[in-house]
Structures are given as C-alpha cells and as structure tokens.
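Each of the next two complexes has chain A plus one more chain, namely chain B in the first and chain C in the second.
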Partner chain A sequence: MAEISSMHIECIIDKDDFNAAGEASSKVKKSLNMLGIPPKTIKRIAVAMYEAEINAFIHGGGGKAVADIYPDRVEVLISDEGKGIADLDLAMQEGYSTAPEEVRMLGFGAGMGLPNIKRNSDELDIDSAPGKGTRVKMKFKLS
Partner chain B sequence: MDDKYYHSVRLEKEKCMGCTNCIKRCPTEAIRVHDGKAMIIKSRCIDCGECIRACPHSAKRAVTDDLDMIRQYKYRVALPAPALYSQYRTARSRNHFLTALKKLGFDDVFEVAVGAEVVSESTREYLKDRKPQIPVISTACPAILRLIQVKYPNLLDNLLPLQAPVEVAAGMARSRALKKSGLNTRDIGIFFITPCAAKMYTKYHPLRGDVSDIDGIISFQDIYMLLRAQIKALGEDEEEDLAEATTFGVRWPNPGGESLALSINKFIAVDGIHDAAEIFDTIENSDKFDDIDFIEALACKGGCLGGPLMVKNVYVSQVIMKSMRDEKGGKYRAEKLPLRDVDYRDYMWDKEVNHIPIHALDSDIMRAMQKLDEMEKLIDEMPGLDCGACGAPSCKALAEDIVRGEAKTTDCVFKLRERVRNLANEMFELESMLPPVMAPVRGSGTQRGKKEEGHETE
Partner chain C sequence: MKLSEAAAALPVKVLTGDCVRDPEISTVYTCDLLSRVMSMSEKDCIWITVLTHLNVVAVAQLADIACIVIPEDIPVPESTIEKAKEEQISIFSTSLPTYELCWRLHDLMSGTEA
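Let's turn to the complex of A and B:
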C-alpha cells in the first residue's frame, strides 16, 4: 500500500445554507481528533477555519473551503468570488465590521472574525480586492 | 477498583437478545453487538444510562448497593435525591416522604437538596472570586462531566470545579451523625438513594479527598415498593419534621433549577445527553457563547426526574414535583437562596479532571493517517444505511473498527452480499467453461468456454 502523507478535505460553502458554513472546519476537526492531535491545537484550527468559512458565507456569497492535512501542518484555503475587502488593514482591526444588521442579529459580524483568524493561525495570507473576491490562506503547525 | 474506569452500567448477558437498539442511542458509540450479545467498551462508557432506557429486554442495568448493606453500620443516614420527591402521588408532603424513608431502617435522613443549596452558594462565591473562563459548565451531572472528558477536552477549563450536591450533603450528614451519635466515623453509614446510574462512579472516584463520604448507593427502583408501603402505612400524626431544604434545593433536579439558584441572567439549561452534546459542539467549534455565563447540562431528558432508575413517567413526575415544591403552608418556601455562610474552597476539587482520549487511531501520526485514509475509503464503499446489522452503530463506526483491527469488512451484510454475488458470478463463469472435447448442450445456456467469433462450427 502506498504511503499516505497528506489528507485532502474539500467543501462547498453554499450561499443559501447557513448551517453548511462550518462543515469543513467540523470535518477537519474530526479528522485531527482521529489523528491524535492535541485538543488545544485542534481548537485553534477549528476556530480560525470556522471564522473564515462564516466570512465567505456572509461577505463572499459562498465559496469553497479546502484543507490539506500533513503530518506536521495543516494548510487551509477559503475562497470566495464575492465583493472583496476594500481596506485590509482596517478589516484586520478588532471591532471593525461591514456585516449587515440581520447578520449581527445572529450574533455574528462583531468585527472579530479576521483578528480571530490571525490570532489562531501560524501563518495568514489574505489576497483580496474589491470585486475580485477573497482568498484566505492559513497555515497551522501541528505540534 | 482495579479498573481504571469504574462502570455501574452493566450487561446481563442472558437477557441480551443481540438486537441493536442500544448501540444507536449511545452518545459515545461505546456499544457493539458481537456474537449475539452487546458489549460495552469501558473507556468510552460515561454511565449516562441511555442504553438502560433503550433496551427492550431490560438487559442493561446499573450496579448499585443492596439495602441490606445498611445493617453493617450502627448509625445509618439516608440521603434522598430531591428528584425522588416526584415519585409518589400518595405522599402528602416532603415530611411524609422523608419519615417513610427513615422507617426503612435509617436513624436519620439528610436531604441532598440541602447539599444543592450549599453548592449554589459556593458557586456564586466561586464565580465572584475567581472570575473564571465563561461559560462555566456545571459538573453536578456525572454523565455530563464524563462526556466532556471523553469528547470535549477543550471545555475542561470551563468546568465548575466544585463537588456535586450529593458529595457535599454526604459530608454534612457525616458531621451531623458524628455529633448526634457520638460514634466513630466507621460506625456511621451514609447512603445515597439514587435516580441515576452515573453516581456510582462518584463514589469510587471522589474529586475531593481520597475517600468519598458516601458508603453506599442504593437504586431508587430497588426500594420503590418498600417505600410505597411505608408511605401508605404512615399516619399524619407520625410525620417527623425532617425537611430542611427550601424550594431552591428542591427545584435543583429540574432543568434550570441549578441556574435559577445562582441569580444570573445569561444561562443555558439543556437536558438530554444528545441535546447537551449539540451545545458543547457549538461552543467547541466557535466562540459564539462567550456572552453566556453558565451552562447547566443534565444527561437525562427532564433532568434527574427522568433518571434511568426512576419509576414514574417523567411528565407525571413533573406534576407531582410541582405540588411538593409548592407545598401548602410549607415553611420552606423561600424567595431567596438560604445562605449558610460557606466557603467555596471547602468544596473545591483537589483532583485533576483530564481528557480521556477515545478517538485517536494510532499514537504515530503517519500510521494514524494511513488508517484514517483507509477508513474514509471504506466509508465511501459502504451503503451508508447505518443499519446496525454489523453490530456497530454506524457505517463510520464499523469502518473505524475495521481499521483498528476489531472488525472485518464482511461484517457489513451488504459487503458480504457483494462478495457472495461476485463469487456466484465467478462460479457461473467457471461452470460455463467446458472441456474443449465436449459439445455445448443446446438450450441449457451452457456453452463451451473461450469461443471466439468466426471460429464457431455448427
């Protein structure tokens, strides 16, 4: 049998299904559990991924979540074709939010998403421009 | 106990029919049916009692102590769980119930509801003094505590590190018995009358001190009929004034009872182990509950009133409970939680509560990855019906068992059928291959093997 050195997880973030946002992070979490990764590390990854998935749902009009698990790291790419981020520095500030009222009513859109992602990931690379969608690339070390 | 994890929930093999009702209901997928009998995977079992409820043949039961055990002690105290007040329509009042219970052979009764009030007071102090990570999760329900240890290690920091009401009550009952009786502590027997299967674990694994103050745990079911007779026989003039707890303590076993005693606004009270698991999943997956102060989770639907060792239907119990709580002319109605000036530090755990990992496929990550990959492939090939005929609760669980080397692919009836069909096809094919010297038999469908177009001779 060939050596397996990575695992690939891919989920569509459906713009019409709120409950499906978070599916990818939940799958990654379950896989990492079975791989025996320490709970604290799993939590960091799950929280950052979940935030990014929710962002893609709320701001990006849906998109795609891709995760690759390697023995020493997890790489995640959450992408959408939505309106993009106009001012990334501003968006990275805690409490800054462009989320509409109905989203805030659900307890989201408090402006903590991106800061939370940054805090929980080991490497973060956001590629976005107005009208060009957003690609959030995250890397986590498994230790 | 030699066992690392003591369990009260056991299987009575001769009663088990090998049906698969229990495996589906288990929240930690701890049961498999092999060779026609259910078996419990000890490290996964949290003693919640769901299987006791699910079993149509009463083959699952909780191991508890015998009432006869009280005779080993000179001075005996009964600790009734407050939920028990809901089990007799014929009980006129709490004192009626408590006096009848005492008459079963006890020298005193001490309400666990009093312990609950002390826990509430301590919790208030703890929250004020320590400003812990919120939401703080109640640890009064032992099955919930174990569920978190097994499945939600990231919530361990949120646990309320205080003894459960029964432990607190046992300590208080012991001090009072020592004073009242003048005997040595070893002559005093403290007996908890339980609606719950999981409490046995508490006795063997106390979270404060080395030995629990509880000497025995008696199943309410075991004394139901005896107590019923006592209640019937007891005249009004015989009632002793034994009730001490107020409405706050009596309300505790109902969902929300614990939270209401804390006077906090933002709490979640969830009952039923599967609903509780859903709440814990949400907290673990996101930080969305950071404005909730307290989570009270009870493993049984209807709280302790729905305990697996109770007798009455939980909805009927709720009605009786209400009348007991609102007892007419009762001197125990309280607007405020009675304060006993306790120090919460006297009830803090001195043991660590750790993660009990059950999911890791291998200690080596490379090997774990191989197994996980293999497992996913197996899941893709399986019918996804989660029928349970393999003895595992779901196709996923079977796939996991297979990669752990604990089950075979052919345990799946559909995979077995596939194998049989392939084999049948192969046999059919082989059967058609006649030796070249024989002529094919007309109309039988049997033809000589490996004939090619154009070489046929008529």
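Let's turn to the complex of A and C:
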C-alpha cells in the first residue's frame, strides 16, 4: 500500500495571475509552521519551492504545484508544459537568465533561482527538454 | 532594537498601521533582485527595495523578513499593503533615498545616533 502523506497541497499556477504565483509555497510554509518545524528548515523549503513556482510562471507559461508533507520529509513537484530547458547545466549556473525585460522590471532574472533550489533542497531532480515542459522534483528532510 | 522603535526614530510612515509583529531587528538588507534577497537576507531583517508589487510581500513572508521599506516616496499599491497586513509584515514608506536611509539605520542600530 502506498504511504499516505500527512498533508497534501495542490495549486494551479495560472499563467495570467502574477499575484497568485507563489501561493503553494506560502501554504506549505504555513502548514509546516503549524507542525512546529524549525524556522530554518521551513525557510529552505519555502524558498526552493517559491523559486520553482515562479520559474513555472515566468518561463513555463504556468503549470501545477504539488506538495506532500510526511512526518519525516516534504516532497514537492512543480510542473509546466512550457518551452522547456535546452541546456540544464547552463541554466543551473548562477547568473544565467533568459528572463524577458518586463519581468526583470519586477525584480526577477538574477539567474539565482535554480542555484537557490539546488542549495536549499536535499534531493533535486529536474526533467526538462525543449517542447516537453519542465518537472522540478524536490525532497526535503524534516529533522 | 525593536521594529517599532526604529519606526519611531526614523522619518518613515508606517503604511501597515501598528507593527503587528514587532521583533528585534536582526539587520538591514537592500536589493531589488528577488532571488538574491531570498538567498541572502536574514530572518527578522529590514529590507529596503524600490519594488512594490504583491510578490514582494510573498518574498518577505517566505524569507521571514520583518519589514519592507520603500524609499523615495515611491507609491505603494493598496493591495500590497493589505497583503502585508495579512502576513503580519510591516511596510514603511520614506522620502529618503536608500543611501541616506541606510546611513540613518546604521547610526540608529549601532547606537551612534546623536
């Protein structure tokens, strides 16, 4: 039998609603707060998840955020059906960004999102290809 | 120094009403690149930025930032203020430019204020 998570959170990342982008990470943060998880651990999870959500919004044309909180870990999947990443090694480099001018005006485009995700997660698996969308899978230990 | 004490000692307008959450300020951080802010800022800091859209509040909330300060009298949308109140994050507005604000905050927090 599959393990049942203590809490399941799912949000649509609507490509037309910039204000709602990041909703899922905010919900996860609040849930973890209530569970009494240490603030440093919560911040790691919230930041990594937010970066992936925003990427799905800005670069992926919207998608979906799913998070499962287990007693010992949090698992997150952020997916989109957007243009995908052609060169993942390049995209992972700090400072690399293809963010368009209009989102740079909003404070995005430092090219630090993926490096932030890498640093803050315990396991990271990015599955992406041009025309195939992007799936960012993250795992965080709760200890 | 408490956030409310800093608010009282500086030429700022508190847009979010009384400081709902009034922690001891850890430090001051200034940057307008959101990913950088999330990776570098410290818990309970004051964050100075010229950005005023709703996601600025989301970033502050995720990064445990205590207060956002908007310099140079840049107008702040009502929706941003409302969201900040909901998330118990203070927003201050000031006519000072960032440099001068940092200078004053430094004096204030290191106790060299005349």
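Criterion: the second predicted complex is superposed on the first by the 138 of 143 C-alpha atoms of A that agree within 3 Å, B and C clash if a C-alpha of one lies under 4 Å from a C-alpha of the other, contacts with A are read in each partner's own complex, and residues count from 1 in each chain.
To be clear about the criterion, contacts are C-beta pairs under 8 Å (C-beta built on N, C-alpha and C of every residue); 3 or more make two chains touch, one makes a residue touch a chain.
The structure displayed is predicted, hence computed values, not measured ones.
By the touch criterion defined above, A:Gly22 reaches both chain B and chain C. In the superposition on chain A, A:Pro39 makes contact with both chain B and chain C.
When both complexes are overlaid on chain A, the residue A:Ile4 reaches chain B alone and has no touch with chain C. Legend: residue contacts after superposition of the two complexes on their common chain; A:Asn116 is shown touching both chain B and chain C.
Of the two partner chains, chain B and chain C are each touched by A:Val47.
When the shared chain is aligned, chain B comes close enough to touch A:Ser31, but chain C does not. Of the two partner chains placed by superposition, A:Gly95 touches none, neither chain B nor chain C.
Shared interface residues of chain A (contacting chain B in one complex, chain C in the other): 22, 25-26, 29, 39, 43, 46-47, 50-51, 107, 116. Those residues of chain A that touch chain C in the shared complex are 18-19, 21-22, 25-26, 29, 39, 43, 46-47, 50-51, 54, 106-113, 115-116, 119.
Put simply, chain A touches chain B in their complex at residues 1, 3-7, 22, 25-26, 29, 31, 33-37, 39-40, 42-43, 46-47, 50-51, 69, 71, 107, 116, 142. Residue ranges of chain C in contact with chain A, taken from their complex: 32-36, 38-39, 43, 49, 51, 53-56, 58-59, 61-64, 79.
The touching residues of chain B, counted against chain A in their complex, run 153-154, 284-288, 355, 357, 359-363, 365-366, 368-373, 375-376, 400.
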